[in-house]
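Read from first to last, the chains carry the letters A, B and C; within each, the first residue is number 1.
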Amino acid sequence: MAQEIAVKGRRLNLRQRESLVGFLFCLPWLIHFTLLIAGAMIFSFVISLSRTDLLTGWKFIGFQNYSNLFKDFLFWKSLRVTAYYTFLVVPLGIILALSIALLLNSKVVAFLGFWRLIYYLPSVVSGVAVAILWMWVLNPRFGLLNATLISLGVKNPPRWLYSEEWAIPGFVLMGLWGAGGAMLLYLAGLQSIPTHLYEAAEIDGAGSWAKFWRITLPMLTPTIFFNLIMSIIGSFQVFTQVYVMTNGGPNNATLTMVFYLYRLAFLEFKFGYASALAWVLFFIILFFTMLVVRSSAAWVYYEGELRK
Amino acid sequence: MNTSTLASRIERIRLTTDWQVVFWRVRRIIAKIIIHLILVAGAIVFAAPFVWMLSTSFKTEATAYKIPVEWIPKPIRWQNYIEAWQMQPFPIFYRNTIFLTVVNIIGIVLSSSLVAFAFARVRFWGRDVLFLILLATMMLPGQVTLIPIYVIWSRLKAVNTFWPLIIPEWLSNAYNVFLLRQYMMTITPEMDDAARIDGASWFRIYSQIIIPMSAPALGVVAIQAFSWNWNSFMGPLIYLNTRNKFTIAIGLRLFQSQMSQYMPYTMAMSVVALIPVLIVFFIAQRYFIQGIVITGVKG
Amino acid sequence: MFSSKLSRRRFLTGAAITAAGMALAACAPKATPAPTPAPKPAAGQPTAAPAQPTPAPAKKEPVVIREQGGGNAIVFPFHEKCIKEKFMAEHPEIKVELEPNPDGWVEKLLTQMVAGTAPDLFEAWGNILYEWVDRNLIFDLQPLVDRDFTKERIEEYTEFQWKGLVFKGIRAGMPRYINIILMYIHKDLWDKYGVPYPPEDGNYTFDDYTGWLKTLTEKARSKGDNNVWAGWIPMDDLDRFWTPIHSWGGKVVDEKYGKVCLLGEPEAQAALKWAYDMEFTWNYHSQPAQVENKWPSTSFGPGLIMSAIEGVGWLFTRERVWGEEAKIRYDLRHHPKGPTGKRSTLGTTDCWSVNKATKHPEEVWTLLQFLAGPVYQMDVAIKVNGQIPVLKSLIKDYPKLLREVKPRLEDVRLETVTEAIEWGYPEDGPWFCDQLEAFNTYLGPALQKVYTVGDVGPDYLIEVANQITEAQNDCVVTWPK
């Protein structure tokens, strides 16, 4: 590979040569994108402009699906449900994962590997077990959670998945419990912080608090950036818990956007309409991602800043 | 004015130091106890599912659903493991799962690190736009691209083979590229600058500088790739039809039915399925110890 | 490349199992490679399918047909064995390839339908078929039935299923088994609280039923037993909520066009009010939030509910969990009658359906007749699953046949099932013109609001009924009813 580049490189200037190298390194993804992803994305956009069940023909209807969407009360309901879930779970999840990672990176903790394993467990336990377990944890009458709340003196603990107000907070708790996956990211991120930075700070007499704010946190911002964007993308697309546990109920209290579009597509055969919903969701996620990306110059610190 | 002799001053310093040392030690111990208490409390919450799985895997169908949960089953029904194992060709499911997981981890680590390197380290025309497109591919819910992608594979006559599950992973995926790119960008550029001045090729910089220094992130990618591929359900469900191609995750779902969950069997096989993941994680996590990567990078 | 002959026999021979002897027996034939049907000349086969589409040349490769289904991990081996030994051995010209259908298979099947890779034969039921026939996905079996079935042969099938499998003018499948909703009672708990069992002749109404549940509840509470409920009806379930309504003489929707929702009518409202009171006013029925594992298959054994209006389709599963493992005594009784003496319950239309795009309709039809015929129904439906078979000649002996396999069922009044079918009170659920919109958009959420959350009374459904009727306005009835 290097040989080939060198051969071609003779005819190119340094800048062009670097561009070529970049494309060559990107090749796997470019192939993936052009052959599989792009086609599927374009296809879904085209059918979002059609009325189709993919089975018995289709009819081009312009942006009618989109305008119908804005008249659909279930669309607005699902948007509210999804946004509520996302705005709760994203910040809380990041704080929790970061805290666990910091705890489990500390040298004072005995049996570090054991604790890490425990905290990572929820991320790998099979979906069925998780769903059933959480049905029990959140059980209004016998559940572990309400038993704890009652022992803490709460008179009327929430009915969680059986009430319209508490169903989403219940899913948020469940989502937070999977923080072990992000913990792993932060653990890796923590390893990239050069120890000499801490040594230098110690010589300057910085306490552990100051070291956290001035070294650890800034050095972790690339990981936080990643975690933030992935959480936004992931929680706007929350689906599995709903599919397995509530089917969008009670009374649509957990009708998330992806669950709704799944139902429209696979149960109601409205593939065009479902695709329109998917594309609206796409632009919502894109909007929030762009907010983060745009703001990142102000708060994300890269040691190996991109050469412009 | 202080008239103490030097000796007494030293003595006094030594005393304060002793006192401070004791104070610090006590503080450290207390902090240590508090940290461990927090960890234990959290661990109860986080380990509950596994403990529950384990306990259910030894129950009868009748005791599995008792409320409140019986954590120690009575009677202990270890036969669940043997019976469940024999109901379906689990050895074949295991072989398929191991095959897919190993092949895909290699593919993911190789392809995603190559692409991430380009985005993190190489200046090329259209890089930032391309990167946004990469991010954007994750924003469209998979439910609407499932059918078109399936149709592509079915036209290629690849249904009921492993190819639709392997090739995309070998062509890198957006999540891992993004993850590795973020990590690679935290690596100080001094070393590859130096290497470039020495005339090292891009591929050498990738393979001999960036890859070794990205070990923790590659570890994360590998661990996550392992657990995702191991537990992956939707892809295998859609693309694989016959039992000789099935994976463990599908095998587990075969116990579910409209009439009965067969929870003890499901959980017994889930435990058997989970053990390799736990072993791999336990081994891999040791590489996340402060300092092992950074050695060699001067300050 | 991926095929391997990793021996399963090793695992089988090494194992000593007692309780799972059943499972073992099922696995054994897999270990010993089943005799692959030698391609014998297919001519002159004495089979149920008289028509050979094209005169087959003597030595022909068998036609491969793909069947999706076969049941869960426990049933599948038996299904596989039966097909191999009893069907493929008889029909060497047909090779059946089985594709199990774990959870999520409906989505998979639809994807396959779009891509044109769907199997020839698959499991289905009313809710799916009602929509799928609209999409031209389902093979109409009526012409084949007309060609091959005598009147007597048709009359072997129960009327509600035979009729219920016609969707929008298309015979969409052949019956798989019968499931009907009857009343289970937990005898140990009824004894504990000293309430006599409901009479076996079924001569009682929902008033009597309410009375028993009231006494059971009061006795339990007076003994300080707070985590047990006298009864259970899943009113938030779209397949079930209508049974009290029909029993009260009401309707969910007009039967001719399926466009006028009748839940606001007095009879329907009375039934809905009763069901609401049972859950929330009196709490004789458990609320969904009270018994988490809401299906009786999991809440009956641990003694959380004392009776349940629930399906009897898979009795061996019940017997295994309740009888053999939990060791409780339970029994079956008739569904109560409504105030006007009408009795109504759900009888399912679970079936096997054929892919419209199949290339081998005749071979699939041959298999279909086998599956809905006496051999398979006896070997798998009855003997493995304890299901109610689809053929009247077998239903007659259903109690005896089940007890031969599970003698403990001597204590369970299985005759209730045969009587229920004889009396003809199982029926199919209501169908709206646009069923999906009515159910998913309006009725499902509304039922949850009333019967899961419980923060509004059943009169909320009057308003919802109007909304549904309005929404059905645009629906075009595309088939003659």
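A few points about this structure:
The working rule: a contact is a pair of C-beta atoms (placed from the backbone, for glycine too) under 8 Å apart; a residue touches a chain by one contact, two chains touch by 3 or more.
Quick caveat, the model's predicted, so the values are computed rather than measured.
The most distant chain from subunit A is C, comparing centres defined as mean Cα coordinates. For the pairs B-C and A-C, the count of C-beta pairs in contact is higher at B-C.
Centres computed as Cα averages put subunit A at a distance of 15 Å from subunit B.
Separation between the centroids of subunit A and subunit C, computed from CA atoms only, is 39 Å. Counting partners per residue, subunit C has 107, 114, 227, 292-293 as the residues that reach two or more other chains. Among the residues of subunit A, those touching two or more other chains are numbered 54, 136, 139, 142, 266. Multi-chain contact residues, meaning those touching two or more other chains, occur in subunit B at positions 67, 147, 233, 253, 256, 261. For subunit B in complex with subunit C, the residues that touch the partner chain are 60-67, 79, 82-89, 91-92, 95-96, 99, 146-147, 150-151, 154, 159, 161-162, 233-234, 237-238, 241-246, 250-251, 253-257, 259-262, 265.
Of all residues in subunit C, those touching subunit A in their complex are 106-107, 110, 113-114, 131, 135-137, 227, 236, 287-290, 292-293, 436-437, 440-441, 444-446, 448-449, 452-453, 455.
By the touch rule above, subunit C contacts subunit B in their complex via residues 2-4, 6, 8, 11-12, 15, 17-20, 23-24, 26-27, 30, 66, 71-77, 97-100, 102-105, 107-108, 111-112, 114-117, 119, 227, 292-293, 297-299, 301-302, 304, 313-314, 317, 320-322, 325-327.
Within the complex formed with subunit A, the subunit B residues making contact are 28, 31-32, 35-36, 38-39, 42-43, 45-50, 52-53, 67-69, 111, 114-115, 117-125, 127, 130, 132-141, 143-145, 147-149, 152, 168, 170-175, 177-179, 182-189, 201-204, 206, 216-217, 219-220, 223-224, 227, 230-231, 233, 249, 252-253, 256, 261, 263, 266-267, 270, 273-274, 277-278, 281-282, 285-286, 288-294, 297, 299.
Residues of subunit A that touch subunit C in their complex: 53-56, 74, 135-136, 139-143, 159, 162-164, 249-252, 263, 266-269.
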